[in-house]
Amino acid sequence: MVSGKQIETGAGPIRLGMVGGGQGAFIGGVHRIAARIDGEYALVAGALSSDAERARASAAELGLDPERSYGSFEEMAKAESKRDDGIEAVAIVTPNHMHWPAAKVFLEAGIHVICDKPLTSNLGDAKKLAKLVEKSGKLFVLTHNYTGYPMVRQARELIASGKLGDIRVVQAEYPQDWLTERLEASGQKQAAWRTDPKQSGVGGATGDIGTHAYNLARFVTGLELDSLSADLTAFVDGRPLDDNAHVMLRFKGGAKGMLWASQVAPGNENALKLRVYGTKGGLEWEQEQPNHLWFTPFGQPKQLITRGGAGAGAAAGRVSRTPSGHPEGYLEGFANIYAEAARAIRAARKKGGKLAKDVVFPTVTDGVEGVAFVEACVKSSAKNAAWTKL
Amino acid sequence: MVSGKQIETGAGPIRLGMVGGGQGAFIGGVHRIAARIDGEYALVAGALSSDAERARASAAELGLDPERSYGSFEEMAKAESKRDDGIEAVAIVTPNHMHWPAAKVFLEAGIHVICDKPLTSNLGDAKKLAKLVEKSGKLFVLTHNYTGYPMVRQARELIASGKLGDIRVVQAEYPQDWLTERLEASGQKQAAWRTDPKQSGVGGATGDIGTHAYNLARFVTGLELDSLSADLTAFVDGRPLDDNAHVMLRFKGGAKGMLWASQVAPGNENALKLRVYGTKGGLEWEQEQPNHLWFTPFGQPKQLITRGGAGAGAAAGRVSRTPSGHPEGYLEGFANIYAEAARAIRAARKKGGKLAKDVVFPTVTDGVEGVAFVEACVKSSAKNAAWTKL
Amino acid sequence: MVSGKQIETGAGPIRLGMVGGGQGAFIGGVHRIAARIDGEYALVAGALSSDAERARASAAELGLDPERSYGSFEEMAKAESKRDDGIEAVAIVTPNHMHWPAAKVFLEAGIHVICDKPLTSNLGDAKKLAKLVEKSGKLFVLTHNYTGYPMVRQARELIASGKLGDIRVVQAEYPQDWLTERLEASGQKQAAWRTDPKQSGVGGATGDIGTHAYNLARFVTGLELDSLSADLTAFVDGRPLDDNAHVMLRFKGGAKGMLWASQVAPGNENALKLRVYGTKGGLEWEQEQPNHLWFTPFGQPKQLITRGGAGAGAAAGRVSRTPSGHPEGYLEGFANIYAEAARAIRAARKKGGKLAKDVVFPTVTDGVEGVAFVEACVKSSAKNAAWTKL
Amino acid sequence: MVSGKQIETGAGPIRLGMVGGGQGAFIGGVHRIAARIDGEYALVAGALSSDAERARASAAELGLDPERSYGSFEEMAKAESKRDDGIEAVAIVTPNHMHWPAAKVFLEAGIHVICDKPLTSNLGDAKKLAKLVEKSGKLFVLTHNYTGYPMVRQARELIASGKLGDIRVVQAEYPQDWLTERLEASGQKQAAWRTDPKQSGVGGATGDIGTHAYNLARFVTGLELDSLSADLTAFVDGRPLDDNAHVMLRFKGGAKGMLWASQVAPGNENALKLRVYGTKGGLEWEQEQPNHLWFTPFGQPKQLITRGGAGAGAAAGRVSRTPSGHPEGYLEGFANIYAEAARAIRAARKKGGKLAKDVVFPTVTDGVEGVAFVEACVKSSAKNAAWTKL
């Protein structure tokens, strides 16, 4: 078995806190695994639920020191910032509307923030947050986790190196089927908050998964969006937010694209897919088979580039843990964001510490753009899909 | 080996003529194979090229009686309609702009017409042709060949029988890559006429392949289009017709869709694909793997329905020649249109002959709608993708 | 649409007769389609069934001249060889045990033979037939149809040109599932004769499909078998012939292989697959996706070579009818054997006519070897899988 | 996003030591990640290399207390067993020949053992180890990691519940290509020890990967092997151990199978695959797409059962961390063995602690059988593939 690349720097784990992610949550558990995989973090504090009892129980389950299980994130920021062994970074994994208030108190307390996407539930908050990040001088890492996949990095590298020529067409899609019926009516917690404008903001599928697809397209191609035309629909009766988004894209420089996000497409689990076509070649990548990247230099046979295999370059290799043929998945991709964040935090630990150039993670700027994308979609759709600038 | 269904009715072949399809053509040869596969037709006359020398050579190559190799389709219609053994049907396989003039003379001569798509190069001709067909009482079969695939029939049957519930989302796409560079400048005949507005009409990729995708979506779902919003692009410098079409669709009754047609997407050969999602389930079909149909009843595992296999019903079985696992392809799908046409022509041979109800083929009405689709796309695109009725 | 290669030589169809293939048969219909696709043959005579009534009805259905529908193949050979317009070639599509007696009378009557596989039901007959073919000077074409697939030709060309280096490992398999239950007890005709030693010979799955897999491996690699070790099983109670064959292969020169043929593997329709690995690269091909060939030069990304696409060479191109992305299937592959036979027959029509070097078809020699393979498998299995020479 | 199952029991991490796995190793890093993912273990001690300097450097990199970085495993066992906070379990990740001596000292010191496969480099050691495990009363977990994949558990559950009926045919294969050339001559560490009989034992590919394929077949089907016939080859000049193994299998009760393991098959990365066919259905699973399981009830369409999706049962669900469509891979599958081990160790912590019935992991018995399989293959091959009992 050929040896893969391992990320185990180990020089003392980063002390991490968490806001949200108590029992019944989904993404909190994912963040915790992501933080653990490479041994870079130690979870030492939490405000795991707004429900005090659930917070306590969740903390106990995770083996947190009861004293560092807080009833609110405000309390946690205050207490932790005073401790010598206080948290260096916090993971915010609440519903969208709490991202801004939570991020605010930690940044103001001088604590780095790792935050789930979308950045906030509205553009106003997003912009305030961006300003605060800049002012604070703290790190802000947005977990657009799909950018952590090695073959997504590979795709980006191929395009950056000119292998596709000038990009013409970008097809992004993210279909799911779990909201085909009115699951939120059953009390299922994930469905409930994700279809609730108060917690999610103005976008339904657009905010939950459309932002991922948009971010992925941006990340891989480097193209900037000029304007979009969106037709959003809530197919399920009584659902206040869109569950299907059809969007046409015009990028600066002339490339065009389509983006489809849906949560009502039976037979699709988490089928994020990106296809990019340029003057010299094309590439295709699917999240459910993330170790594969299809690359066609125009006029040559299609090539299957695999994680760790022939044709995979440095950008993929540095975020890879095992040899080719040993599938890495969603959790490893997510963990790569945490690994990049760890590199940045370690660099920030030292006075004048410098971050290596190849470290890449989504920032508050990507987050603002994502929220702007959601709001532009909603605005366009309200105007019968009129072309709308970001 | 399990026995498949064979179509060999044999009661005297149908006498067929052909307009176009001389040396260097592509689709003419396909029509001839399609006509031969089931032994239903005998090609006995032709006006195979507007170039007299090429017409003669092509006819010789095909073993036509030189006397029935004509210099023009007008001449052919005239001569054949006077013969006792004259052609009963003609296949029109010229560039688009000649469909209408050719069809006209044969219909007026009392000869059935099998015509390649798109119906005509403009909507005016299309409507005149539709009127003439009705008046003539003759059969008019449009070779939207992809509707001939057994698993496309199966898909249609699944939806018609309610297995998908109410349709919500329709995703149609037809990417190719053969026009990624300016092939027409090299003199390649196929590229030349297909990118020439005089021969093709106002649509490039939209007319050549977008019409197929649109027709397929219509055929399978039975939905009628209300309006569309199209963003057409000619990415290759100097190309007067679109080579990439992004279209958003709104169907009557509330379903929505997207259609993407491209001839500049490297790595795509002939990747027509249709996905349909309803309240109860979803289905997916790809032209390059035509013997497979993916069907997901919501809440159950995805099923692979194969041509001739378990789960395939009567609609697929009756246009199938071999057992499951013996791949049938493009030519057999095309031949199914000819087989359906043969059934119709044989029924028409008899006074009061009645066509069996399960015989299905694309008609002049589908053709008019296809041309209307192209013109609506072009009109919408010219108005910055404004929503446009068909 | 890029123009594909078309085979329409047309210089007067070859007059063809058929033995077997009456109503209820499977492979007879396939042969007829194969003969029709390129317009090279005219079916003009038949002894379509040993049942006189069925023979008559079948002939009528096919539009044969009743006078040329014969009650026996002996009668047919006699009558046709006397006619000026008598058949030039005969297709023998009966159960295996009739191949030899039928072929005998036609060869002796000076008529070319196209014969289904396996060559005969026993090796004695096979050798007699081979001798007779040589003596007769007539053509003998064995329809090992899978060698007609363009990408099988491509695979062969890759190996012949040294792209795989020295071959080390050959994995051939041909699983089906249609005999998982005792279908022959239901009276299903195909199952009945294929599991009957009197009609099939000593091999069940081994003879019916194992011979295809073996022939394919031989055709593509050019390797000769040294010896084999076979473990044959009849899993279904009361079945006298094997329905599953496990075989280890040793080729001359040191390559090794495995061959698996099964008719009791649920979920497999007609899943013939060949994989070949050498010192410099590997390739993989599957019958159910025949337009694709996977080729991996060692140390480089896997390549998808498609029929008609980049990377496909002359050997594939000359047996291809349509452009890349237009799937050709089982019937076209079968038709390629008929097209090659037609080229050979046309060359033989002329005194001193010479056959082009690139014309390739399975011969009586391949047939003898196939029957020898079956008998060696049976012999080996009877001796507890002892290594057995062919 | 639907919530997945998370494994975070947290009641105080299990103190773990490691033998082997220093810099340059592959599988040691995998074990460490597997131990970290669910937060169940804390790595607190190690004898990471027989090279003292490398051991020290590796320990530092991992943040181990220098005092608990030992120069030999004997020393470590002795020291740790005396500490109050000594290790509860040790992971042995050395080359094969060291498994037995290392396991011995830890078992004798009363420490649970988690050991990489194959169990030992020869059957004698394996049997001694099995005896010692029994005597010691300690847990022994063999990391046949592929049994940890949720869909492998699902496959096992399907068969155990009778959904496939009586098993007839088992096809196991494990091709790779990384030893196509003589990599060991380059000094690559992984290649060097895996092709060295002193470190690996008598099996090359057979021991390294054949044991995985065999174990997987046994685990999923529950069948016991009666005898095997093996043809092993070292294709690469100068390689003392087999790099390709062809094996025919006869199971008790009448099922038959084939097993192919190869490290010289270009285009294969880590392509472990299992197919099982019974009287009522069949299933297929591939390691490189581990979240998918194909299941065909005979006479029904093939179903795609996905991890976390419809059709996936309790056996898969309990070793799953994320919702369907979020691919889990090799590391999570490996981690599932560690999670099962953790459950067993926690149960063993309590006097009279009882292990839940659904906890499943490979034991020393599986290990003995694996080594017996390797030795039987070698013995059979030496006797010209004579049938050999385990």
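To keep things simple, chains are lettered A, B, C and D as they appear, and every chain counts its residues starting from 1.
By definition in this document, contacts are C-beta pairs under 8 Å (C-beta built on N, C-alpha and C of every residue); 3 or more make two chains touch, one makes a residue touch a chain.
As the structure is a prediction and not an experimental result, all values here were calculated from the model.
The minimum number of touch steps linking subunit A to subunit D comes to 1. Looking at C-D and A-C, the interface holding more C-beta pairs in contact is that of C-D.
For subunit B, the chain whose average C-alpha position is most distant is D.
Mean C-alpha position of subunit A lies 55 Å from that of subunit C.
Rounded to a whole number, the gap between the C-alpha centres of subunit B and subunit C is 33 angstrom. Inter-chain centre distance (subunit C to subunit D, centres taken as mean C-alpha positions): 44 Å. Looking at subunit C, residues 268, 295, 302, 306, 309 sit in touch with two or more other chains. Residue ranges of subunit A in contact with subunit C, taken from their complex: 295, 299-306, 309-311. On the subunit A side of its complex with subunit D, the touching residues are 1-4, 6, 8-13, 24-27, 29-30, 32-33, 36-39, 60-63, 176, 178, 188-190, 194, 208, 268-271, 287-291, 306, 308-309, 321-332.
The part of subunit A that touches subunit B in the complex is made up of residues 168-169, 171, 173, 177, 180-181, 229, 231, 233, 235, 244, 246, 248, 250, 256-258, 260, 262, 264-268, 275, 277-284, 294-298, 302, 384-385, 387.
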